[in-house]
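If you scroll down you'll find the structure; I have some questions about it.
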Amino acid sequence: MPMVSRWMYISLVILYSFLLGPFIIIFMASFGANATMAFPPQGFTLDWFANVFETSQFIDSFWISLHLALLSTIVSLVMGMPVAYALTRFQFAASGLVETIFSAPILVPGLVIGFAMLNFFVLLGDMRVMTGLFIGHTAILFPYSVRVISASLRNLDPYVEDAAVSLGANRLRGFLLVVLPNMQAGIAAAFVLGFITSFNNVPVSLFLSGPGVTTLPVSMLSYLEYYFDPTIAALSTLLVIFTVVLVQTAERVLGLSQFV
Amino acid sequence: MPYLEIHDLTVSYEKNQPTLERFSLNVEQGELLSLLGPSGCGKTTTLRSVAGFIQPDAGRIVINGRDYTHLPPNQRDIGLVFQSYALFPHLTVFNNVAFGLRMRRIPKKEIYSRVANALKMVGLEAFADRRPAQLSGGQQQRVALARATVIEPQVLLLDEPLSNLDAGLRVTMRQEIRRLQQQLGITTLYVTHDQVEAMTISDRVVVMNQGEIEQMGTPENIFSAPETVFVADFMGFDNHFNTEVVSVGDSKLTATWGGAPIQLRWHSKFGSPRPGARAEIFFRADNASLVAGTEATGLAGQVILHTFHGNELQYLVDTEVGEFSIMQDSDSERFEAGAAVTVQPHTQKWIAIIEETAARRQRKE
Amino acid sequence: MIRRPNQTRTIILLVCPALIFVLVFFVLPLIFLLSQSVLPEDGGFTLSGYLEFFQSRVSWIVYLRTLKLGLIVTGICVVMAYPAAFVLARMPPRRRSFLVSLVILPLMTNAVARTFAWLIILGRRGMINQTLLSLELVENPVRFIFTETAIVLGLTQLFLPLMVLPLVSAMENIPDDVLEAARSLGANRLTTFLRIVVPLSSDGLVLGATLVFTGSVTAFVTPAILGGSRLLLMSTLLRQKAVILFDQQAAAVVAVVMILTTLAVNLLLRVGRVQQG
């Protein structure tokens, strides 16, 4: 490898210990026997993992987060895909504006979005907490779904559709038979990205959560306000494993990093 | 009776796209006709109008006596080969070729035999199970051809089909396309910007410029007798100069070359020129000879540069009329840079073209 | 680009469902927020919310602290990420993609879990204090939590990947030949890095810096856990005004200031990039 000197490798070591070190610490802490989280942890126990599953607050909010992430990701994909198609297959005057509008939710701070939506929903009157969360999450996922699917559409020769049509397929069949199968990787990547973004979101959920309806990260945050014990470490460990499996699978199968 | 008729086709585009105005063209049954021209001349617009991807503002497209103008592209029965091939990346070669037959709800057995036959014709029987990404450029091109012809279309359209191949493969493929086209006897419209390609593959060539037909004729006719300055330029006449017409006959006009009269074929779209009019004279590099010294008849000049091309030597010669590029056999007499030479014309291969501007000027006088 | 009949109608059909969703549920709430910041509950129009914000010493301190920490975090990320990204970009593709996926990993884990680690590291009986005590460098545990240092550490760990990834993809596009050409012309490694690699990767740097800075000045979880109410940043201030003090107008003002700040940064860097290009 040309041009890479030894001190640069040191920078790599620093980078990775800083990025991954905290995870090792959480991992160790989740097996430690003492409740006060002194370091290094003493003894070995699985009690904290048991505690995670006994805390109904975590279990309930896990299911809510899972439902929410699946639902909002799917809806943002189904609605975002036509937008991506229009942006990549047509030239039109307002395309710049449309692109800006759909990337806006990424530019506005999440906390502000959550706050603005809460106030607006209150104005609209009675709205179920879950509905509010669903709307908020779907809105913030549009930038991801539109961008990732646009990227995968740009990799596909636009003329394959014309080829299908010249061979006798109508536009819709051409799309279903030729475009959609070639977007599988892009759709899956957008799905994983959207799912993780929604599943981990705190700032938007924070305001939109309500009594009894809370997402997992928000309930972790409120747990931390009252308790300071390795339960959170154990839960974090479980979530990291969950994420590693998901991300590594996605990376292996789809090359996720090209879309991030 | 023509098989494919384009009547007064008018297409206007919003953006910097080429436009067509009342463009008409006929293609005979079983003929391969090339649309030749630089990018933006309207050749692809014409092709996509025939395919149905562009809805013309006016005009008609008629194939085999049936009006196609308002038929959607998927009902046109036209085989289309794209510049990018546009193969379906997720389908095998077999399924790519079978696609059009499936759309036509052909029975499975028949699909199988027709696809097998089409693949055999392009020499890809062994590749039926491959994906397009596993094929070379030339093989992909063959799949595209098989896919477009297996549906036995009324008309075959090819849009710059060879431009993504390297030079050697291009020669092989254009022979294959021609062979396939003649075997199937299919009426074909072939779009290209490469004059050699158009010359070698076509029954007839249409040279297009800015949405209009500059000249239409056999390859030989276009190659040796261009009718406009544009066509002469495009067909690779290396040298040209502007001169005065001395006198005009029925088939030849007289101009001067180094003080001596020369008789040249001429062409004008504006009637017979009068003596004193201006003409643009064109000739190819191998249609003149060099002799040593300035005593011989012909135009005197000086060699500026010479380059070796295997069997030939190319000279750049400066004369009072302009600089000319002249090719000579490498076993003929050699001249060094600075040598005084005389340029002698092979006038039977030269051509004089009277352009509109020249004709107008003449009328004013 | 493909031209088809009825293009306009097709585009409208494709774009509208999502567009209406975003306009109604995203743009409209933001407009409402803006109006909240200037319309008091008893009617009329007032800028008093903004006046109050900018006249209050506390909000100035919070605002400037937020910007300051954002700048520090961005600076640290640049310094840490630049050489590392260069090494990554020069690696063989397989090893690179594995290591890059390790950079993405923290990005995919929720911020509460990631920030929690710093409580263990920086706590009264945490890793650092235990080390200091056992080495007898200090007699009593040092307070790290609820300090700016803690927030900076947490934010850096959170946003470092957002600096590394754009830099790696910018540097991947620099061919080896260019670097070797510079070396053959007499530049040493450092000069080559500074005069060839840095200018050629400036796009990645600008993008990374934008992401890290705007992320840092709007992050909520890290300042909430590591700063608490004792060390407020704009995001925790917004939360406090809205949920604890129930002052919706003041909260809306904070929110608008946050939006304007991130927009200004994005715009500034975009303009800079356009001029450069």
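The chains carry the letters A, B and C, assigned in the order they are written, with residues numbered from 1 in each.
One rule holds in what follows: a residue touches a chain if its C-beta (ideal position, glycine included) is under 8 Å from a C-beta of that chain, and two chains touch if they have at least 3 such contacts.
Small disclaimer: the values here were computed from a predicted structure and weren't measured.
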item	value
Comparison of A-C and A-B (more C-beta pairs in contact)	A-C
Greatest separation from chain A - chain, by CA centre	B
Chain centre separation (chain A, chain B; CA means) in Å	55
Interchain centroid distance [CA atoms averaged], chain A/chain C, Å	17
Interface hub residues of chain B, defined as touching at least two other chains	53
Residue list for chain C, restricted to those that touch at least two other chains	2
Where chain A touches two or more other chains, by residue	91, 162
List of chain A residues in touch with chain B within their complex	91, 156-157, 159-160, 162-171, 173-174, 177-178, 181-182
Complex interface listing, chain A residues touching chain C	1-5, 7-9, 11-12, 14-16, 18-23, 25-26, 29, 36-40, 79-80, 82-83, 85-86, 89-92, 98, 101-102, 104-105, 107-113, 115-117, 119-120, 123, 135-136, 138-139, 142, 146, 158, 161-162, 196, 199-200, 202-203, 206-207, 216-217, 220-221, 224, 228, 232-233, 235-236, 239-240, 243-244, 246-248, 251, 255-257, 260
Partner chain A, residues of chain B touching it in the complex	15, 51-53, 72-76, 78-80, 82-84, 86-90, 99-100, 103-104, 147-148, 151
Residues of chain C defined as touching chain A within the complex	1-2, 7-8, 10-11, 13-15, 17-19, 21-23, 25-30, 32-33, 36, 80-81, 83-84, 86-88, 90-91, 97, 99-114, 116-121, 123, 125-127, 130, 156-157, 160-161, 164-165, 176, 179-180, 183, 189, 192-193, 214, 218, 220-221, 224-225, 235, 238-239, 242, 248, 251-252, 255, 258-259, 262-263, 266
